[in-house]
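One chain, chain A, links the two complexes that follow: it is found with chain B in the first and with chain C in the second.
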Partner chain A sequence: MQLEANVPRAEASSSRQIPARRRWTTAALLAPAYGWLTLAVFLPLSAMLFFSFLKAAPFGARPLQLTLDNYLAFIRRPYLVGVAWTSIEIGLWTTGLSALIGLPAAIALARATRGRSQQVLFLLVVLPFWTNGLVRVFSWTMVLREGGVLDYALHLVAPTAPPVSLLYSFPAIVIGLVHAYLPYMILTCYLSAAAIDEAHIEAARSLGARTPVIFAKIVLPLCLPGLISGSILIFVPVIGSFMEPRILGGRVGVTMGTMIEDQFVQAFNWPLGAALAFTMLGVVLVIFAVSSRVLPARVIAQ
Partner chain B sequence: MIALGRTYLLAIIAFLYLPIAVMIAMAFNDSALYTLPIQPSLRWFAALASDAPLLSATRNSLLIAAATSAIATPLGAMAALALERKQFRGRSLLRLLLLPPIAIPWLIIGTAMLVFFFWTGIGRGLHALLIGHVALAIPYVVLIVGAGLQTLRADLEEAAMSLGSTPIHAFFSITLPLWLPSVVAAALFAFAVSLDQFVISYFLSTPGVSTLPVEIYASIRKGFTPEINAISTIFLAVSSALILIFAQLSQLGGKRGSR
Partner chain C sequence: MKTHCFTRMLSVGSILADIRIEAPRVPERGGDVIGSAASISAGGGFNVLAAASRNGLKSAFAGRHGVGPFGDRIRADLAQENIAALLPPSPEGDSGFCLVLVEPDGERTFITSPGVEAELGERKLEDIPLEASDAVFISGYDLSYAALGPHIARWTASWRSETFLAIDPGPLVADIPDAVFRATLARADLFTLNRREGALLAGTDDLFAIAAFVRPRLSAKALLAIRDGAAGCFLFGAGLTETPVHVPAPPVRAVDTTGAGDAHTGALLAGLAAGLEAVAAAARANAAAALSVTRRGSATAPTSREVNAFLAAGRNPEAGQKDEPKATSTMKAPRETGENAMTPHLNRRTFHALFSGALGAGLLTIAGSRRAGAAATEITVLNWKGYGTDEAFALKAFAEATGVTVKHDYFNAEAEMLTKLRTNPGAYDVVLINSARTQQVQADGLIDPVDLNAVPNAKDLAPALRDHSNIWVDGKPYGVAWLWGMTALAVRSGKVSDAQSWAVFSDPKYAGRLALFDDSITQVGIGALLTNQDPNNPKDLKAVTTALKAMKPNVKLTWSSEDEWNKAFAADAFDISDYWSGAAARSIKIHKLPLDFIVPKEGAIGWLDTLAVPTSSTKKPAALQFINYMIDPKFYVTWATQSGAPASTNAAAMNALPADDLSHKIYKPEDLAKLKFMSALPDDRRQAFNDVWDEVKAYYAK
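Then we have the complex of A and B:
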């Protein structure tokens, strides 16, 4: 009697145990990675959000005082508006030039090359983007400075020309950033351009369309998703960049990025730095939100 | 039209490689002030051997990159396994949480880490650098390994089990060998992410304990030091080799992995 009663109970508990054990397996697989991300990314971001509302960093015995002052800095310190505008200008120039240079390169890569040579050229475009960004920026200082490679090359052609130095100027920052981020634009536009069906172009041509018309009416609209996602991928990190403006811009290169860096490294006004960082993050999130509405789902999936 | 396109493409590639070529050329230039024309010399490579801060920073960089790869790869692979093969609530939220470490500018993540680590007493230094680098590498590992898993058919494993194999045996004899190329690719990627990382290292390093990119940045701000070109040339050779191996491996892992 006792045995009979025990058997079904044991079965029932083991069948309940399997899903429970699976749940534990899943949790055990996920916990280390997400625990690590929580400790190193999510908690720090929360802590910094908290800091941005403080009057002073809570070290020593200083009392916690909540304030919105740090977010009102743009009103209290008018020069910050100018700094923000410099960042946006750098972002717009870099993004615009990358689109202008990168789109034709992507179309050429997708349509004028084939097979093995296409693979090699593709790898050549992507490879520099895996070299250390800092080193590439530093190399530009050797190209752009007076007596540098650009100056030297110019004087080989025109020995009487005055010395040329682009270093520590706005164009120098933009050149360095375009160089750093151009591969993103070529990559996203290439994905769009490679997907264009040859039949559309042949149909247009057989109906008498000239090359500029084909470009404007077929190629450009179909490349638009790539252009937009490339622009986001470039604009977002560029407005947050700080080492390129510092190294290539010198005194000209005061941007939001260098302002934020200063608050943490030199001025030690962490609450202000945190508020500036979150203002920038807000701009980034708005850009992502708007673009996810504008972009068709296919592009995001890419 | 096609010839024009190719010429343009080659011009763009020349632009992309110009500063890299200049850096390599200057590494072999005798002049300390980068004067042209170039006078070939190996003195900057020789000078590296006696530059103690640069050597110790290089050692730190390699150490942290190896440790990052060793920690982030198993953690990320485990998470990818759960995200791809298990059904549970909140899966899409967990996938979404992989994006902030990739999409938020490093400047913001780096300063946030500095604030939090300082506040909680974790502090700065090697351990803080390791915590930060692993966190940055995990999302990439999950994405790369996950893409590798997607190309594997789950029914192979099920077929093995229906023929009498235990789940563990099926995993080790069927899934793991097919999965391995993408895991190795992810490990290399994590190594490269850590080796190239500057922004976060910049905020988490201390004057005595830094990584190579941080040391390079400090030298650049001090002024002319052609040794940077020499060490960067070596650095470049190492990371290019890693990326080429990575490209080769992700092609082995299937077409989807290579995208």
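Then we have the complex of A and C:
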């Protein structure tokens, strides 16, 4: 929309015929994408929004009954608050660890590598995107379980150590999720880090700033946009994830994601599942709102 | 052309008094049990006479009956059915009696004390005043007696050719002396037997084999009827082509099959006597037999009025046949003159109408069935992965036998099956449905009732499972019972030896060693068993929640597929779990996992899986063919012995397993009493169960 509004203004000064043709071209270029988004996102989502206000899923001969009950789920089912908190905790841990690992990697990639070696390193970063999610998760079960790769490696070093089994635990979920989402953080931070003007850092050095000060006062603030957009990209899907918690978490892997999944595939309570999902969407929107206040206007434009 | 025109049926078959006692069990040697109900009535050869008489055929008893309380009882019962006793009471003694002990599951035990009816005495069969318009009914019991059999054979040879001879060899078919068998069969006009008896003769229950064995021994004009339980009967004979005519039976819920054969034979003879064509008479006979199996006792044949009402109610598939108006019309008076219509035959038009009609409705099913059609049909089955229908050997054998190829789609949870059925109409032709869900799926209009006649193997299904109330809605089965089993305890051999109760789930000894099936109905069921409640309807869900929460220190993981279970158990992630019996057999057999399968003292949760046909399926005949193959003993035995399988609902299939098969260890007869079968859950209870399990899972995760 922003783009369409800008085009005529920019062209108004030169000619009166070209804008009409340009407008059509722009519309023709945008139509498939927005048409697809309307079909693929807007329609199913609005159907789900409608379902969330129903008493029972409108299949078969059931009458339609509107209700707000589903949105009171957190009051009616107090245990859901705990589950939601678990999800947020998993989201915070995953995002935090991704930032901790991803930011240094991104800065190093942007500022200390060139040409071929940079390409190879980037390839390694995006590798998780190329593997099937289920394969990735199940391979973690082989690494993390008692007698698995990790346990075996530890006992090679310290034969007397007690057996180590991370599988079916909170850390296992976070490990699996960090593996899956780390590339987002590296890529967004890389964009910010690469944009840092070398002159700023040279200026700081010439004024006597040491490396920690340069990092804290120049690099980190300039990387903040990437850090924040990476965090949003990670946090949002992670609190809705259900595959990693279910397979790696065992008993502790009960999250909003698995709860919503249960409502759809186990209880066939689509309305409740939809309501839970939209409640979580509300939480996500609040997070967006907060982050848009924190971010400078420049970051949003970027 | 010879015609049959008989107006009276004579029977020489022995009539005894049946003393029927319903007892909780057969007493052990030297013991005594108290019977709950007892009755004395005429039995044996009486049932066929009563069936014929009730269906409008004048009947007479030509055997001996004694003086005494049993003879009196028999005469009174004969008189009540308007059956004439041709001989005067024999003064030498009383009629014999048969003590029938009926156990609660319907099993019957007999002691027979013969009386005057077993001796020839002064009776000479030749003295029986036979008329040209008589039909004589002879049973295999009469023919198998050493003295009486040859006597009867000689007697039949002396008749005038008009006399109609009907023979039902009965279960003693193999005991009839060969000479007697040959002589009487050559003379017979109607030979009627059930498929099992046919198998005793031919050595196989294949219809063609039975017919190939019997028909050369019959005269060309004779009619052969093979009764096939719920599938109805198959007719072979003069005027009918080489292809047997299948006359399907109306679907009913069988409670007692005693006397069904007699009702069939009596009604068939009555129909023929009334001038009906063979197929129409057989349709009435099927209806009469169907009504009789809905009643307890032996002489349970319905009257012609009841048969008419039953047929008029439209429950007989034959009733809709436009070319067979006689099947629905009321009984006509026996004709006085012989006409072609009297001969049991089918003309070409009727035959084709029947044949195509039956084929169109998917009703014509002949054992050893030929290819369903030249066109390649592909059906899609919706099932759990690795659950029988996708066995490679089975798909190959089925495609070779029928030309139908089978594709699969899978679900990982029962509710996912529902979601798939609801959201993909027309995509599936056969769907696996746990009988506990059948009524829910039926209420949503997603599945069709199954015509059990089109599934010939359904006749061998254990009635308790085939007729389970979970599957039947409004008198129709919405699925064919396929497999049953239970969710009980699986524990690691050697490591857990003291598990006799579900309480082991919260035993501190096994902290962190428990895996639970991620399914609300199963878990709430276990909680209910632990708190002495009905797993299908626990009143105190708080107690269930508490019992489940108490397992928290032990719970290591929840599992949702057999594959996941095997991988985790093999990796030593847990020692104790609730598990499916069939999956346990596979884990032991295929994956060589060291586990013991135990039915806890509180009971196990039984389940019954059915194969159903979605309403939206466009290939229903092929779907029913596939279902029929799935309950075939041949398929089951191969599946069970190669891979391990849950228990088949087909009793014949279970019996066909090798004696050392693992199934005999897992499905122990003594555990059956401990099973609590899952039943249909109303939506609100299902939701309540789900809420309990979600709450418990959230508690586990904390």
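Here, the second predicted complex is superposed on the first by the 245 of 302 C-alpha atoms of A that agree within 3 Å, B and C clash if a C-alpha of one lies under 4 Å from a C-alpha of the other, contacts with A are read in each partner's own complex, and residues count from 1 in each chain.
In this text, a residue touches a chain if its C-beta (ideal position, glycine included) is under 8 Å from a C-beta of that chain, and two chains touch if they have at least 3 such contacts.
Computed from a prediction, not measured in an experiment: that's the story for all the values here.
K.L.:
Looking at the superposed three-chain arrangement on chain A, would you call chain B and chain C a clash or a fit?
P.N.:
Taken together on chain A, chain C would clash with chain B, as the superposition shows.
K.L.:
A:L167 in the overlay: touching chain B, chain C, both, or neither? Say first, second, both or neither.
P.N.:
Once the two structures are laid over each other on A, A:L167 reaches chain C alone.
K.L.:
Where does A:M243 make contact in the superposed view: on chain B (first), on chain C (second), on both, or on neither?
P.N.:
first
K.L.:
Just checking: does A:I196 make contact with chain B only, chain C only, both, or neither of them? Give me first, second, both or neither.
P.N.:
neither
K.L.:
Based on the superposed arrangement, let me know which partner A:G133 touches: chain B (first), chain C (second), both, or neither?
P.N.:
Touch status of A:G133: first partner only.
K.L.:
For A:A108, using the defined touch cut-off, is the partner it touches chain B, chain C, both, or neither? Pick first, second, both or neither.
P.N.:
First partner only, chain B.
K.L.:
Of chain B and chain C, which one touches more of chain A's residues?
P.N.:
B
K.L.:
A:R23 contacts which: chain B (first), chain C (second), both, neither?
P.N.:
After superposition on chain A, A:R23 lies in contact with chain B alone.
K.L.:
Where does A:G147 make contact in the superposed view: on chain B (first), on chain C (second), on both, or on neither?
P.N.:
After superposition on chain A, A:G147 lies in contact with both partners, chain B and chain C.
K.L.:
By the touch definition at the top of the document, which applies to A:F264: first (chain B), second (chain C), both, or neither?
P.N.:
So A:F264 meets both chain B and chain C here.
K.L.:
Determine, under the contact definition given at the top, whether A:L222 touches first (chain B), second (chain C), both, or neither.
P.N.:
neither
K.L.:
Find the residues of chain A that appear in the contact set with chain B and again in the contact set with chain C.
P.N.:
On chain A, the residues that contact chain B in one structure and chain C in the other are 59, 141, 147-148, 246, 264-265.
K.L.:
For the complex, give me every residue of chain A touching chain B.
P.N.:
Residues of chain A touching chain B: 22-23, 25-26, 29-30, 32-34, 36-37, 39-45, 47-48, 51, 58-59, 101, 104-105, 107-109, 111-113, 121, 123-125, 127-128, 130-136, 138-143, 147-149, 152, 179, 182-183, 186, 211, 236-237, 240-243, 246-247, 257, 260-261, 264-265, 270, 273-274, 277-278, 280-281, 284, 288.
K.L.:
Under the stated contact criterion, what part of chain C meets chain A in this complex?
P.N.:
412-413, 415-416, 418-419, 422, 443-446, 518-520, 555-558, 560, 567, 571-573, 683, 686-687, 690-691, 694-695, 697-702
K.L.:
Under the stated contact criterion, what part of chain B meets chain A in this complex?
P.N.:
The contact residues of chain B facing chain A are 1-2, 5-6, 8-9, 12-13, 15-20, 22-23, 26, 33-37, 75-76, 78-79, 81-83, 86, 88, 94, 97, 100-101, 103-109, 111-117, 119, 131-132, 134-135, 138-139, 142, 192, 196, 198-199, 203, 213, 216-217, 220-221, 228, 232, 235-236, 239-240, 243, 247.
K.L.:
Which residues, counting only chain A, touch chain C once they are in their complex?
P.N.:
That would be residues 56, 59-61, 77, 79-80, 82-83, 86, 141, 145-148, 167-168, 246, 249-254, 259, 262, 264-269 of chain A.
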